[in-house]
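In C-alpha cells below, several structures.
Two complexes are shown next, each including chain A; its partner changes from chain B in the first to chain C in the second.
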Partner chain A sequence: MKTLLTISWRNIWRHPARSSVLLAAIIVGLWAGVVTVGIINGLMQQRIDYMIESEITHAQVHNPDFLAEGYSWLYIPDHDEITAWLENDDRVTSFTSRTITDGMLQSPIKTSGVRIRGINIDSEIRTTNFHENIVEGEYLDSDIRNAVIIGQKLANDHNVEVGNRIVLTFEDTGNELTSGSFNIAGIFKSASVDYDERNVFIRSDEFIALLGDEEVYHEIGIMLADEELAGPVVEELNGAFPGIHAQTWRQLSPELSMLVELGGYMVILITMIIMIALAFGILNTMLMALFERMREIGMLLSIGMSRLRVFSMIMIESIILTITGAAVGIVLATLSINYFSDTGINLEMFAEGAAQVGWDHIIYPILSSTEYIIILAVVVIITLLASVYPAIKGIRINPLEAAKDG
Partner chain B sequence: MTYLKLAWRNIWRNRRRTLITISAIIFAVLAAIVMQSMNRGSYEVMIDRMVSFNTGYLQVQDYRYDDETSLDNSFYYDEELRDRILNADERIEKIVPRVETFMLAANDVSTRGSVVFGIDPEKEKNFNQIENYLTDGRFFDANEHTAVMGKGLADRLQLSVGDTLALIGQGRFGMSASGLFEIAGLIEHPIRDLNNSAVYLPIKTAQELLSAEDHITGLLINPYHERQTDAVAASIRNTLDDNELVVYTWPELMPELLELMEMDLAVPRLLTVVLYVVIGFGFLGTVLTMTMERLREFGVLLSVGMKRLNLSFVVFIETLFISVMGVVCGIVLSWGLLKWIDPINLSGEAAQAVIDMGFDPIIPMSFAPDQFYIQGFYVFLIAMAVFLFPLIKIVKLNILEAARS
Partner chain C sequence: MAIVRTEKLSKVYNPDTVPVHALRDVSIEINEGEFTAVRGPSGSGKTTLLNMIGGLDKPTSGNVFISGQEISKMKDSKRIDFRLQNIGFVFQHYNLIPVFTARENVSFIMLLQKRNKKEIQQRADELLEQVGLGDRKDARPVQLSGGQQQRVAVARALASEPKFILADEPTANLDTESAMNLLDIMERMNREQNVTFVFSTHDQRVIDRARRVITMVDGAIHKDEIQHADEKEEA
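What follows is the complex of A and B.
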C-alpha cells in the first residue's frame, strides 16, 4: 500500500502540466458550483426581503373576509386589544395599522379601480421602507392637505403629475358611496408594475374621517425579530382573537412562495448542468491522460504488477488530486463569496437599463455551511466517478499492444 | 491542399483521441444550449402569458389612444380593415378585436370597479384559451346578451352563474351606458388583478352598450413566433401609412415588464458565463493532455525538416475540423435532447406553488433557432481559444527533447 502511495505521488509530479490542469478543472468546478448557488440564493433572498420590508411584512392581521372582498365594513374587530398584545410581545419589532378599501380613482381622462391604502406615517416608516420607493415629489409626510401618492404606471395612464388633483370614490362603513378629492404629493415606483397600477396611499386619519364615525383598521402589518417566528406568532394571534385571520408572508403572497419554490428548483437544474459539464471535462481529461500513459501502464503490467494494483494506483492518483483540488477550490470559493457578499456583484453589464430598476442589480451572494458541504461532496463524488471509467479502461489493455505503442 | 489532406488524415489516424476531443465539444455545446433553452423557455412562457391576456404581441390602436385610453379614441373596424392587415404580412397568425373600458359592476346593494372587455368569443378562445379557466357555467356565444366575469369580482359582489350583473359607466362621446346582463360563466383568471376586475361581454353587445357600434379600442395581433414581432410591425406600419392608426409592439405597450425581465435574465446570463468557464477548463484539460501525447510526433516532424509554421497550420486545420464537427453534432444532439426533456414537469411543493399562481407546473424549453447557432458559435470560440495552446507549444518546442521523450 505504502509503495502504491509513493508511486502515485511520484506519478502526479512526473507530469506537472497534466496534474495541474486536472487540479484547475476541479477547482474551477467547485468554485463555479459555490458561486452559482450563492448568487441564486442571494437574488432570491433579496427579492423576498424587498417584498417583506417594503410592503408585506412578516405577518398580517385582517378580518377573515376582507382580503377576498375588500369592503370597508370588514374591519378588524378588537383592534386595540390586538395592538396591545403586539406591544407586549418581544418577538414583535414593530407593527403598523392600515385602513384599506377598494375604490375608484377618477382623473379628467378616465376612471380606474384601485385599492386605497390609508397609512399611519410614523408607524409605517418604522415598520416598512416603502417610502424609499418615491421617485417624484414627497412621501405622505408632506404638509399638503388630503395628500395622496400614486404609482408611476397609474400616473402615466391618467396623465397626471405631482400637484394635480384626483378624486377617490369608495363605499364607507355604512355602505354609502363617498368621494373625496386628493392632491398628488408624490409618485412611487415599486418592483411590481401591477402593484403600482392598483394601489394608492393616503393618510389614515383623513381616510377614517371620510369612512365613518369610528376609527377602523383593516390590516395590521407586523415585523418580527426573525422570519422563522412568523408561523408561531400567527398561530397564537389566531388562537387569542377569534374574529380575525392572521397570516404569514408565505400565505399572503403566492408570488413569493412561487419564487422560493421555483428558485429552489432552478438552483438544482442549473447546478446539475454545471456539474455534468464538470464531470465530462474531467472524464475527458482523464481518458486522454490514460491514452498518453498506455505505454507506461503496459510496461507495468508486463513486468508483473497486478491489474488490481494498477487500478488502485490510478485511483489513488485521482483521489489525491481531487482532495487537493477540492481543498483549494473550497478556500477560493469561500474567499470569493465573502468578498462578493461585501461588495456585491453588479449585474449591469448583463442587463441593459438594470440600474433604472434600481432594486436588485447588485447581488450579494449567500451560502449556508450545509450548502458548502453538499456542493463539496457533489464535486468530490463526481470527480471520483469520472475517474473510475478511465481506470477500468486502463487495466483492460493488452500489455503487449500497449508496450509496443508510441 | 496537401495540408488539408494531412490534417484530415491526422485526425483519423488516432480515432480514439479525436472522438474524445469531439465529444468534449459536443458536450460543451449540449450544456450551453440546454441551459440557454431552459432560461429562454421560462422567459417566453412568461411573456406569452402576459401578452396573450393583456396586449397581444402587436396591437393596432388609434394614435390618440395611448395618451388617453378613452372610448372616444376608439376606431372603426370592419372586414376591409381586417383583410388589409392580414394581407400586410403572411407571418400574422391571429388577429383579435377588443373593446376595453372601465365600468362599475354592481349587484343590488354595492358596486365595484371593473374592466369590461368586449370580445369575440371564438377568436379569444383561440388566442388565449380563456375557456380553460372557466370554473362555473359556460362561455357565451357571439350574439348573446350575457356576461362572463372573473371569479374574484363575482365573489366580491356575491354573484354566481344565473344572477344578474349591472354595468354602469360612460359610453363613446359621453353617452351614458348601463345594462343588465345574465352571468353565463365565471372564470378563475390566471392574472390575479383581472380575476378581481374583469367582465367579458360579446363584442357586439359591448359595442351596443357603449354606443360604439363597429368601433374597437385595440386590435391584437400575434405573429407565429414572438421573434417575428418587429418585422410584422414594420409591414403593418407600411399598410397603415396614411391612417390615424398606429401599431405598437409588446415592449412598447408594456415597457415596465420588459425592464423587469431584463433583470430576470441577467442572472442566467451571468451563470452562462460561469458555465463557459467550467467548459473552457474541462476542454483545456483534454487539449493539453492531447498535446502532451503528441509532443514526440511534433518533435519528429520538426527534426525531419517540416517548418514550424507549416506544422502549426496543419494542427490549426485539424482543430478547425474537430471544432466544426463537434459543434454541428452538438447542435443536432441538443435539439434531440431538448425534444426529449421538454417540458420539465415540476413536482412537490414547487408544482403546488406554481399551480396556486394559476400557471402550469412545467418548465418549458425554448426552440428558438438563434440560441442553437449563437451558443454553438460561442463554444466554437472557446474551443479555438483553447486550441491556441498546442500552437504555442509547437512554436516553442525544443526538438531534441521532444523527440527523445
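What follows is the complex of A and C.
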C-alpha cells in the first residue's frame, strides 16, 4: 500500500501544471458550489426576513373576507379581545394594528389606485422596521398634520415631492365615498418597486376619523419569538376567535413560500451544472494522463503488477487530488462565506433590476453545516466517479503496449 | 528439464479478415543457463515468440510450458502472478518507472512479491552494484544515460529471481560502448549465476555473443545453431 501511495503521489507531481489545473478545478468547483448555494440561500433568507420584518410579520389577523375584498367595513371583530390575548402570550414579542382600505390617490397630474395603510406609529416601530425605508423627508412621527408617506416610484409617477399635497379617496365603513387631503411628509423606498407604487401610509387615528365613528382595524401584524411558532399561534387564535382569520407568513405570501421552494431547486440545478462541468474536466485530465502512460502501465502489467493494483494506483491518484482539492476548497469556501456573511456581497451593478423584483443589492450568504457536508460529499463522489472510467481503461491496457515502438 | 518448451505454437492475427501468420508450428526448448538470441528480419515472428513465451500474449494454437506449467491456458490474473514470480523482462525502451529512483525501480518488483523489506533493500543495492550503478542508486531514469537505464532494467529483471529473462531488442537504442557493456554484464550473470537469457534481436553484436542462435523466417524456425559451445564450460 505504501508503495502504491508513493507511486501515485509521485505520478501526480510528474506534470505539476496539469495536476495543479485539476486541483484548481476541484477547488474552484467546490468553492463555486458552496458560494452559489450560500448566495441563493442568502437571497431567499433576505427576502423572507425583509418581507416579515418590514411588512408581513410572522402572522396576521384579518376579517375572513378582507384580503379578497379590501373593503373598509370588513374590519376585525373582537379586536380588543384579540389584542388582550396577544398581550398575555409570552410567544408574542410585539404586534401592531393597522387600518387598511383600497382607494385612489389624486395628484395634480393623475390618479392611481393605492392601498391606504393607517398605522399606529409606536406599535408599528416596535413591530416592523418599515420606517427605515424613508429616503426623503420624515416618517409619520413628524408634526405635520394629515401626513402621508408614499413610495418613491409613486412620487416620481405623480411628479410630487415632500411638502406637496395629494388627495386620498376611499369608501368609509358606511359604504360612503369620502376623501381627505394629505401632506407628503416623507418618501420611502422599499426593496420592491411594485410595493412602492401601490402603497401609501397615514396615521391610523386620522384615518379612523375619516372612516366612521368607530375605531376599526383591518389587520393585526404579529411578531413572534421564533418563526416556527407562527403555525401553533395561528391555530390557537383561529380556535379562540371564530370570527377572524389568522394566517402565518407562508399562508399570507404563498409566492414567497414558492420562491423559497424554487430557491431549493435552483440550488440543486446550479450545483449539478457546476459538478457536471467539474466531472468532465477531471475525466479529460485523467484520460490524458493515462494515455501518456500506456507503455508504462503495459510494463507494470508485464512484470507482474496485478490489474487491481493498477486500478488502485490510478484511483489513489484521484483520491489524493480530490482530498487535497476538497480540503483546500472547503477551507476557502468557509472563509469566503464567513467573510461575506459579515460584510455582504455588494451586487450594486445589478441592484436596479434586483429592486424591481424585491431584492436588496447587498447579499449575505448563508450555508448550513448540512449543506456544506452535502456539497463536499457531492464533489468527492463526482470526482471519484469521474476517475473510475480512466482507471477501468487503465486495467484494460494490453501488457504488449510495453514492447511497442514509438 | 527444459525451462521453456513450446509445442506447435501458432499465432494468426486477423483470422477472419486478412489473416497474418505470425507464428507457424513453432516447437522449441530452452534449457536452464542458456544464452539464446532469436534473430530474424522484421515481421519474422521473433517478438511474437517472445511474447508467447513471456505469457504476454495467447497463441492461436499450440502450448507454452514454463517449468512444466502450461501458461497459455492460464487465466489472466494467474498469468500476471506467474510472470511476477517466474519471468524477468527487459524492454527495448527500458520502461523504467520515471518517478522512481534506480533503487526503487529495482525494489518495486520485489515489493510486488511481498518480500521482506530488509532483504529487498539489500538485494536492490547488490544488483545495482553488479550492473555497475552502485553510485547512481538514487538517480531517477531521466538522470541516467540510455545504457545506464538499460542496466537498471536488467537489475530489475533479475530482482524477482526469475527462472529466465526475456529481453526484447535490449541493445537497439544503445551506442556500441553501452551495448557491449550491457552484454558483458548479462554474459557475466549467465556465466557466474547461471541466469537464463533469451533475446530477440537484429543486433549482430548480440548475435555474435549468443551461444545459441535461433533464426526465424516467416513465423517459422529456419535455423537453430549452437556457437561458442565450449566457452561456458571453460569459464
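Methods note: the second predicted complex is superposed on the first by the 364 of 406 C-alpha atoms of A that agree within 3 Å, B and C clash if a C-alpha of one lies under 4 Å from a C-alpha of the other, contacts with A are read in each partner's own complex, and residues count from 1 in each chain.
Just so we're on the same page, a residue touches a chain if its C-beta (ideal position, glycine included) is under 8 Å from a C-beta of that chain, and two chains touch if they have at least 3 such contacts.
These numbers come from a predicted model, not from an experiment.
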| item | value |
| --- | --- |
| Partner chain(s) touched by A:I150 [first = chain B, second = chain C, both, neither] | neither |
| Which superposed partner A:R295 touches (first chain B, second chain C, both, neither) | second |
| Chain A: partner with more touched residues, chain B or chain C | B |
| Partner chain(s) touched by A:I125 [first = chain B, second = chain C, both, neither] | neither |
| Partner chain(s) touched by A:A17 [first = chain B, second = chain C, both, neither] | first |
| Partner chain(s) touched by A:I273 [first = chain B, second = chain C, both, neither] | first |
| Contacts of A:V37 with chain B and chain C, given as first, second, both or neither | neither |
| Doubly contacted chain A residues - partners chain C and chain B | none |
| Chain C to chain A touching residues, read off their complex | 47, 51, 54, 56-57, 76-77, 80-81, 83-85, 89, 91-93, 95, 97-100, 104, 108-109, 111-113, 156, 160, 168 |
| Chain A-touching residues of chain B, taken from the complex the two chains share | 16-17, 20-21, 23-24, 27-28, 31, 34-35, 38, 67-70, 102, 104, 109-115, 152, 155-156, 169, 193, 197, 254, 256-257, 259-260, 262-263, 265-271, 274-275, 277-279, 281-286, 288-290, 292-293, 296, 344, 346, 349-350, 352-354, 356-357, 359, 363 |
| Of all residues in chain A, those that touch chain C in their complex | 3, 6-7, 10-11, 13-14, 295-296, 298-307, 309, 399-400, 402-403, 405 |
| Residue ranges of chain A touching chain B (in the complex, touch as defined) | 15, 17-18, 21-22, 24-25, 28-29, 32, 35-36, 39-40, 43, 68-71, 102-104, 109-114, 153, 157, 159, 171, 175, 177, 191, 193-194, 196-198, 254-255, 257-258, 260-262, 264-265, 269-270, 273-274, 276-278, 280-282, 284-285, 287-289, 291-292, 345, 347, 350-354, 356-357, 360-361, 363, 406 |
